[in-house]
Structure formats: structure tokens, C-alpha cells
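Please find one structure pasted underneath; my questions will follow.
Chains here go by letter, A, B, C, D and E, matching the order in which they are written, and residues are numbered from 1 within each.
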Amino acid sequence: MWRDAVLVAGKDLRIELRSRVALWQVVPFAVLVLVLFGFALGPGRAALRTAAPGLYWLAVLFSTILVTQRSFAIESGEGTRDGLRLAGIDPAGVFLGKAAAVAAQLVAVQVVLGAGIVILFDVRFDAVWLALVASVLATLGLAAAGVLYGALSSGLRVRETLLPLLVLPIVAPVLIAGSRAWSAAITGAVASGASWLKILGPFAAVYVAMGVVLYGPLQETA
Amino acid sequence: MASAVHLRSAVALAGRFPALSGVDLSVAPGEVVAVLGPNGAGKTSLLRACAGLLPVTSGEAVVLGCDLRADRAAVRRRVGLLGHDASLYDELTAGENVRFAVRAAGMPATRVDAALDRLGLVGRLRRTPAGRLSAGQRRRAALAVLVARSPELWLLDEPHAGLDASARSLLDGLVMEAAEAGAAVLLSSHEPNLTVPLADHVVSMAGGRVTEVARGPRRPVLSSVTGEGSASVA
Amino acid sequence: MTARLTRWTGLAALVTTALTVWLGLWVTPPAKVQGTLVRLLYIHPPVAWVALYCAFGLAALSSVLYLWRRTRSLFWDRLGAAAVEVGVVFTALTLVTGSLWGRPTWGVWWTWTARLTSTALLLVLFLGYMALRRVPASPEVRARRCAVAAIVAFVDVPIVSFSVDWWQTLHQRGTVLNPGLTLKVHGSMAWTMGLGFLAMTLVFVWMVLVRYRLEVLADRVGDEELEVSLSERWAETGGVPSPPAAVQAPELWGGRR
Amino acid sequence: MWRDAVLVAGKDLRIELRSRVALWQVVPFAVLVLVLFGFALGPGRAALRTAAPGLYWLAVLFSTILVTQRSFAIESGEGTRDGLRLAGIDPAGVFLGKAAAVAAQLVAVQVVLGAGIVILFDVRFDAVWLALVASVLATLGLAAAGVLYGALSSGLRVRETLLPLLVLPIVAPVLIAGSRAWSAAITGAVASGASWLKILGPFAAVYVAMGVVLYGPLQETA
Amino acid sequence: MASAVHLRSAVALAGRFPALSGVDLSVAPGEVVAVLGPNGAGKTSLLRACAGLLPVTSGEAVVLGCDLRADRAAVRRRVGLLGHDASLYDELTAGENVRFAVRAAGMPATRVDAALDRLGLVGRLRRTPAGRLSAGQRRRAALAVLVARSPELWLLDEPHAGLDASARSLLDGLVMEAAEAGAAVLLSSHEPNLTVPLADHVVSMAGGRVTEVARGPRRPVLSSVTGEGSASVA
């Protein structure tokens, strides 16, 4: 399983390195979303600053969708999907590999986005470690949930539209817990912030576990 | 020895359409079977069902000792399918595609270069992303994947289509070798003059069923026929 | 057999619902604080309860049973689909009754509190399930896809349940299903509420039965179409002798109906 | 040109009717985005009510992306794209037809979204006609800009990620003008609201005109 | 009469690769030209360049009287291309696909049914979305589009691939008819024994250039040869 996961993640990341989609398209997109939020909410610095964590995580959510879509666009042809199924790779390995590749790209996105809110919204962290831990847990959860649903809609011609519909509500808890944890990290309310990690942690654990178990039957169908 | 493919009244659905409507077919290891039939006869569906990609909903279906109706996943890693569209990652080069498949199968990467050389994918072709290869070059790359994996059951869907004369005779050689090494080969085709000479049995399909089974020319006689066939193509 | 069961459940649902309405509207007293509005108490919590636990619980359970190889059967798929559809209706009703209740008590139709939002997300999640179900595919493929979607979506249910505890909010906290299982509502109100739960559960069972039967009928139509297309397919061979007997009664439409 | 436009719009809408993507996927998605915004911004009614127009238009923007992606997913295969170019249809006709189909779907989305913000954000309009006019103009602009950029990214394997990146910044003016116009429609400040229409109108006109002129060269490249 | 296709040292780029590296070729109206050559020779690129889909960057290139280097769009509506992958909308039925193409070309919809019947797309096949057709049925549908549009220049990329015996002889008939009606036909192929009998000229390509032009059997002689060819396939 682990060997397969490494193999799949390697392939996905190599394709990413070659096409540079995450770097040149998803990262700018995420920043753009942040800026648009700024526009939509109008001026008012203070309001923006309090909204910043929520907006950050919304931008991360939308980026997750793009990264996941891209991850499955790689196998969009019927041929490639068949190929992956015939390759003799453990489905759990495919899941873990794809999720790892997505997570790696999300980390890159978040580094830029984090810098973005610090610069654009004038945000300053009181407890950086809290924000970091929250991000790591959230990234795992987002990647796992995204890939799980990506597989669900991968074979379909309607995947562009179906995937956001399926993924967004599922990752809403990440949005909430993530933004609250970041708010806490900004204000320094470490105790209350840490309690949100108790949602992010189990969320990630549940979806990774579900992916490992359910990816097999899913690949079957695609 | 048990047969590599054993179907009895097998019905398989593509979507909701009975693409296979009761197929009886047996292929022994080491045998080459050519499947002929008009468009829509169910040739592709037959190969995909044997690869465990199409659900068999009734009848018996045992491939390489695995019951397709119980566990299709077990079969998949042991068969090799060359479909109508090559299963390649467009962004990866032919070499990287083959390497991925080989490592996924848990085989040593040393097989990669040999397979690529064998299919004539050398020089620039090896460094070009598969999405930019010509139709025939893509099929060569897909064949290279099969060669490198050397599956126990080869499922070739119109393998001659898109290949030039030299690749065709190369393909014939590969099929013969695979059969001699004990693999079963099931190939569909619209070109009896190219495929029948390779085959131990020739199966005709129509309407999702096997309508006729004929004995093909025996392989020992073949080598000359193959030579002649490829000569006439060149 | 199922027809009779359906009829009787329908009747029981009708009677209990009528009884709840009667008790709720005319017999029970208006409450001190909420006045007449309290009567929504007999509808809203039961509807929510049915949506969350009966409907989506059943959907998740049958999805697990479908995916588990030993119990795999299209029966579970149909049951799950029926449960989800009814659950979506009940979730929508929860939102509607909740909003109706919220308008006078909170002064607004909607607040962005955790329970309300997570309930809304739940609705969208299962709308996603229904969208997925509409995507054309063979029954097995669709069943598998939808089963996974239902299980994944079910994760939101505990979030809805615990949302009031995790995010202390406006919404009522465990009035009935509080951790100590002590009733905080008294007398005739408690009875009426209990009856409301029973009534809604019966309505739920009846609707699932009806939906299930519709699914079966649709599948039967599908099977008939399949048999037709199978014989058409045989006809394509043109004058080839009729198919072997074994093929004429394939197990798909014999066994799993 | 018009005949071709009708033909293309007919084809796109027929495919939509057959697959019901807009109805079953984009509309729920739009509502979902609205709910997520509410969630991300936390309670605070008054703040939400003032933010409502901005959130509405953000949701419309994201839906535009989905609808446009879907519109080009129809021609995603190399074969179909060549086919459309070889069909002898006036490029301007292709553009107008595709834009009309996208606009029709956006209208459906907006009807539901409008009801959504009235219910969820407790918004009440003082000058409905202003909101309606703003919507019509914005829809035209969004559809035109979306289709124009959709064509740009249609041939590419990275269209899932490239399209949002290209379209979002371009339609930012619609976001701003639309939200300000709706704010005005809510508060009844008709005069200031009408001035925003002076942005939406020319925006739509410019992009429709650009589409008619530029679609030919664009199709060339794809 | 001016030639339908006139290329002089034409260079065309696919991406950044010179897929055509200086092609000289003339096809007169009413002529059938078969293009042969190994995989990667540039056959597909040649046809796509003639269709105005691939930019010609140097040399002369005039197709149907339009200069390809000046205005490619004008050529496109007048040629018909059958590519490696059929250009069909998967969600629309074969009938709807043909109707769309016909109406797009501004022709009367009455041609639709005739074309579909001609290609044997009847009954269920006409009502099935193109995405669910078999490979050969899809190519038939793509051919039906060409038949209905009856372009002035037919560009057929390995037209025999994927077609069954009956469709092949049908195709041969279509090519002959088109040529007799004055259209030019350029077809690439790996099957000289199927295409050479149809051709007025046989062109060999390699490395993106035309290496050899031979005179094909003249058409009057052909009909018997075609009959023989399709018989050997059946």
C-alpha cells in the first residue's frame, strides 16, 4: 500500500512539475479569490481583519476543489482510468498517493495565501503554532475528502460541476473549525483555539480512514 | 491446465445495454483466439468484460482462475488490455508511462528500456510527452506497456489499427512470443487476413454472442504466413 | 404483502398524525413564554429527528450493507435511495418549520448558527447525492457510487446533533434527547410530543415503503426493457438459432427483484 | 450569424436538458456557496445583511465559472472542437449562441439565489426594478466574458484550473457594480444605484462586442 | 481547373514540432489520393493542415482556392475531415449530431436521414447518444456527417480503421461517388491493399515530407478491384 502510494504521488507530482498548474494557476487563483472577497465586502479595514480567517479558509476550500479537479483531470480519459485500474495498484495506495499529492499542493497554496492575508488584511498572529497545527490537520482532511469525492465524480462527463457540489458541504466543518482556530491564533485565545483542533483532527482521521476503506469499491465504478 | 478464459452464457451490461448477451467462450493458456464480427457485435465489450472492467451480470465467467462475478479486482492486475484508446498519461513521456506501469505491477524497472526499444520508441519519441505522439506512436507506447508487464492474458482490441507495416509484423511477433510463453491472447479485429494467420481459433461474434467458432491455422505453419502477411502490407 | 404493509402503515400514520394535530392544536395548553407557538414543538423536533436519524441513519446503514460483500444486494441500494429522498423532504420540512418558529421567537427567519447552517448543509449534501443518482450509469455502478456518497455525507449528521453543544447557540438544546434522558417537557405536552414522534416515524416508514415500491417498479420496467433489448440483441445475429435456455432466465432479474 | 447563434444555443441547451447539470448541480452549488459564506462570516445579522449583495454576486460569479466550464466541457474532445471549427459556423454565431445558453442558465441560478438571500439574509428590496435591471445587464456581461475566456482555455488540458483564474479578475467590475447596485436597490438609493448601471451596461456591451469580433481568432488558436 | 490542394514546400508546426517539413503535393478536383507512410510520417498533420487546422508557417499552401496562410477559416467550412477520433457530441444521438452539422452548413435537414440510412445507422443506433456507440459505429456516424455535408474536399484519416467489412465497401463506394461528383479526396492509410485500388495517385510520406508519388490504378478499372478487396475482407 505505501509503496503504491509513493508511486502514485510521484506520478501526480511529476505531472504537476511538468505542467505547473498548481504553481501558475491555483496559487494565483487563491490570491485572486482573497482579493475578490476584499472587493465584495467593501473597504472597512477592521471588518476585513475580523473576517480574514474565514476568507482565508474559503479561499483554501475553493483551491482544494481546483487541485482535486486537476488531480482527476490527469486520469480523465477512459483509457487512463482503465489503465490505473489494470495496473494492479492497491486502491488504498491510489487514494493515499493522490491525497498526498493534493495535500502537498495545498501546502504550497496556503503558504502564499497566508502571506496574502498578512499583507492584504493586515493580520498578525499571536500564536503561530496554533495556526500551523490547524493548517496541517485541515489540509489532511481537505485532501482526503477531496480525493474521495473526486473519485466519485471522476468518470463522469459532469465532473466539473458535480465535484464542487459534493465536496464543499462536506468540508464545511473545516471551514468553520479552521477559521475559528485561526481567529483564536490571531487573538491569542489559545485554549479556545485548541478546542477547534479537536474537530479538525478527527475530521482528518475519519476521512483518511474512509478513503482507505472505500476507495476500492469506488474505483470499481468509475 | 485450467482455461485462461471461461465464459458460459455470460451476460454483461454496458450501461443498461446487454453488450454481451450470453457468450460461450474458452481460451486455454498458450492459445491465440481471434474475435471477428461486425461493428457493434460486442468485441470490445467481450475484452473489457474479460479484463474485469465490465460487470458480468449472469452466467459463468472465470478468468485466470478468478470468478469475475465475485472479485473483478483480482483479475485486473494480471491481464493486459490494449483498448481502442491507449491508456497513457498525456503529460508523461512514453518512457515514464511504461515505467509507471511496470513499477505499479511491482516489477523491476530494467524491463522498461527493453520494451521501448522493442517497439521502436527511441530517440525523440522517448522524450516526447505521450499527448504529442502520433496515433500509431501512441499505440506503440501502449503496446510497450503490455510488453513490459507481460501479463498472463493479453486482450488486444483491433491491435493492427493505426500501426504501420513494421509495427504490425512486430506485433505479430509479440503475440507469437506471448503465446509460446504460455500466455493466452484474445484479439479482436476487422482484418481477418492479418489476424487469422495468428490464431488457434477464430471466433465470430454478432449481437453480443458467439455465433461460430472455427479452427485457425496451427501456429507451426504460421511463421511463413506472418512473413508473407507483413510483406504484402509493406 | 408489501402492498398490504404499505396500506396499513399509511393508515396508522394518518391516524396518529390526525391525533397529534388534534392534541396539539386543541387539547394542550399554550405555554407561558412562547404562547401558542409552542405547538410547533409537536412537529419540528419529530420531523428533525426523523430526518436525521431515521432517514439518513437508514440510508447510511443500507449503504454499508450494500458495500459489504456478504450482504450486497440491490435491495439495500433501493432502500437507501428511498430513505435519502424521504430524508431530503423531512430536512426541508425541518428547515421550514424551524424558520416558521424562528420568525416569532428570534425575530428572523434564519440565523447563522451552527445547527441551522449544518442542517442546511445536510440538505445540500443529500441533494448532491440525488444529483449523483441522476447521472446515468448501470444499476451496480450507481449503487456503489451512491452508497459511498451516502456514507460520506452521513458524517454531517453527528455534527448537526452535537452542533448545539460544540457551538453554544440560540437553538434549543437537547430538550428531549438530552444526555440524562430526563424529560423537561411535562404532562399532556410530553404525551403529545411523544405521539408526534410516533406519527412522524410512521409517516416516514410509509413514505419509504411507497418510494421503495416505486423503485422496484422502475427497476422492473428496466428489467423488462432489458429483456426486450436482450431479445433485440439476439435478433441482431440474424437467423441464428434461439439462445441457450440458461440465458433466457438470467439471475439478475430473477434473483434480485 | 443569428441563425448560427440560435443553432449553437439550441444544441447547448438541448445537451443541458438531457444532462440537467445546471438544474441539479449548479443551482444547489450556488445556494451552497451562499450558505458557506454565511457560515464563514459567522453570526452577526446586521453585518450579514449589509454583506448580502456582495455574497450574492460572489455566488453568481462562481456559478458563472461552473456554467462556462460545463459549456466548454461539451466540446472538450479534440474531435468536437475540430468539428465545430469545420462546421462552417460563423465564429460570432458560436460566441453568441454559447453566451445565450450560458445566460439562460445564469438566469435560472439567479432566481433561486435571489430567493435565497431574501430568506437567508433577511434582505428586502426597496427598488426591485433596479435590482432586476442590474441583474440583466450583469448576466449579459458575465456570460459574454465567461464564454470569451472559456474559449481561450477550452483546448487545454488545464481548463479546470485556468478558466477561474482568467475569468474571475475580468468580471470583478461586475462583482463590485452589481453589489453596489443591489445595495442601492435594498436601501432605495435609486440615484446612486443607477450610476452603477452605467458600469454594468458598458461592461456587457464591450464584452459582447469583443466576443463577436475576437471569437474567430480565438477559435483559431484552440 | 485549379487544383483542390496545392502545397509547395509547405512547413506546418504541430506545437513546436515541424510535423510537415516541406511538402509538395497537388490534388485535382475529382481525384483520389492515398497517402501512405510509417507512423509519425506526418499523414495526420498533412490532412489537418489541409483542413486549415494546423498553421502552415512557410511555403505555398492553397486549398480550394483559398490561401491557407492568409485565411484558414474560409477553407474550413468547405472541407470535411474524418479524424482519428470522431468529432461527435457524446450526449447527442447520431441523428442529432448529423442534423447539427447539416444545419450549421446551412443545408436542408432532409439530407440527414438519407445519410444515416446510407451508413447503416438505423433503429436503436439512431436513438443512442453517440458516447455509447461502439468504436465502429462512431466512425460510421462521423462518416454520415461527411456524407450529409458532401464537402468539396474529403480528408479521411485512416478511414478503414475500425470499420467492418460491410462499412468498408460502403466507404469505398462513398469515396468513388464523391470523386465522380468532382470532389477531391485525400486519404491516409496503413492498408495499401484497401486504399491503393481507390487511388488515382499514391503518395508516400516520411519524416514530414513526400518521398514518392506513384500513379494508382485508374478508376474505371477499379470497380472490380474494389469488389475483390471487400470480398477478401468479408
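Just so it is clear, a residue touches a chain if its C-beta (ideal position, glycine included) is under 8 Å from a C-beta of that chain, and two chains touch if they have at least 3 such contacts.
Keep in mind it's a predicted model, so treat the numbers as computed, not measured.
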From the centre of chain D, which chain's CA centre is farthest? B
Compare the CA centroid of chain C with every other chain's and tell me the farthest one. E
Taking the mean of the C-alpha atoms as each chain's centre, how many Å separate chain D from chain E? 39
Centroid from C-alpha atoms only, then distance chain A to chain E, rounded to Å. What do you get? 47
Touching two or more other chains - residues of chain D: 19, 25, 28, 32, 39, 41-42, 157
Chain E: positions in contact with at least two other chains: 85, 90-91
Per-residue multi-chain contacts in chain C, two or more chains: 117, 121, 124, 127-128, 131, 137, 140-141, 229
Spell out the residues on chain C that touch chain A in their complex, using ranges where they run on. 67, 114, 117-118, 121-122, 124-125, 127-128, 131-132, 135, 137, 140-142, 144-145, 147-149, 151-153, 155-156, 159, 166
For chain B, which residues count as touching chain A in their complex? 48, 51, 53, 72-73, 76-81, 83, 85-92, 96, 100-101, 103-106, 129, 145
Of all residues in chain D, which touch chain A in the complex? 19, 21, 25-26, 28-29, 32-33, 36-37, 39-42, 47, 51, 54-55, 57-58, 61-62, 66, 69-70, 73, 157-158, 160-162, 164-165, 168-169, 172, 175-176, 179
Sort out for me which residues of chain D touch chain C in the complex. 20, 24-25, 28, 31-32, 35, 38-39, 41-45, 48, 119-122
As the complex stands, chain A meets chain C at residues 145, 148-149, 152-153, 156, 158, 162, 165-166, 169-170, 172-173, 176, 199, 206-207, 210, 214, 217-218, 220-221
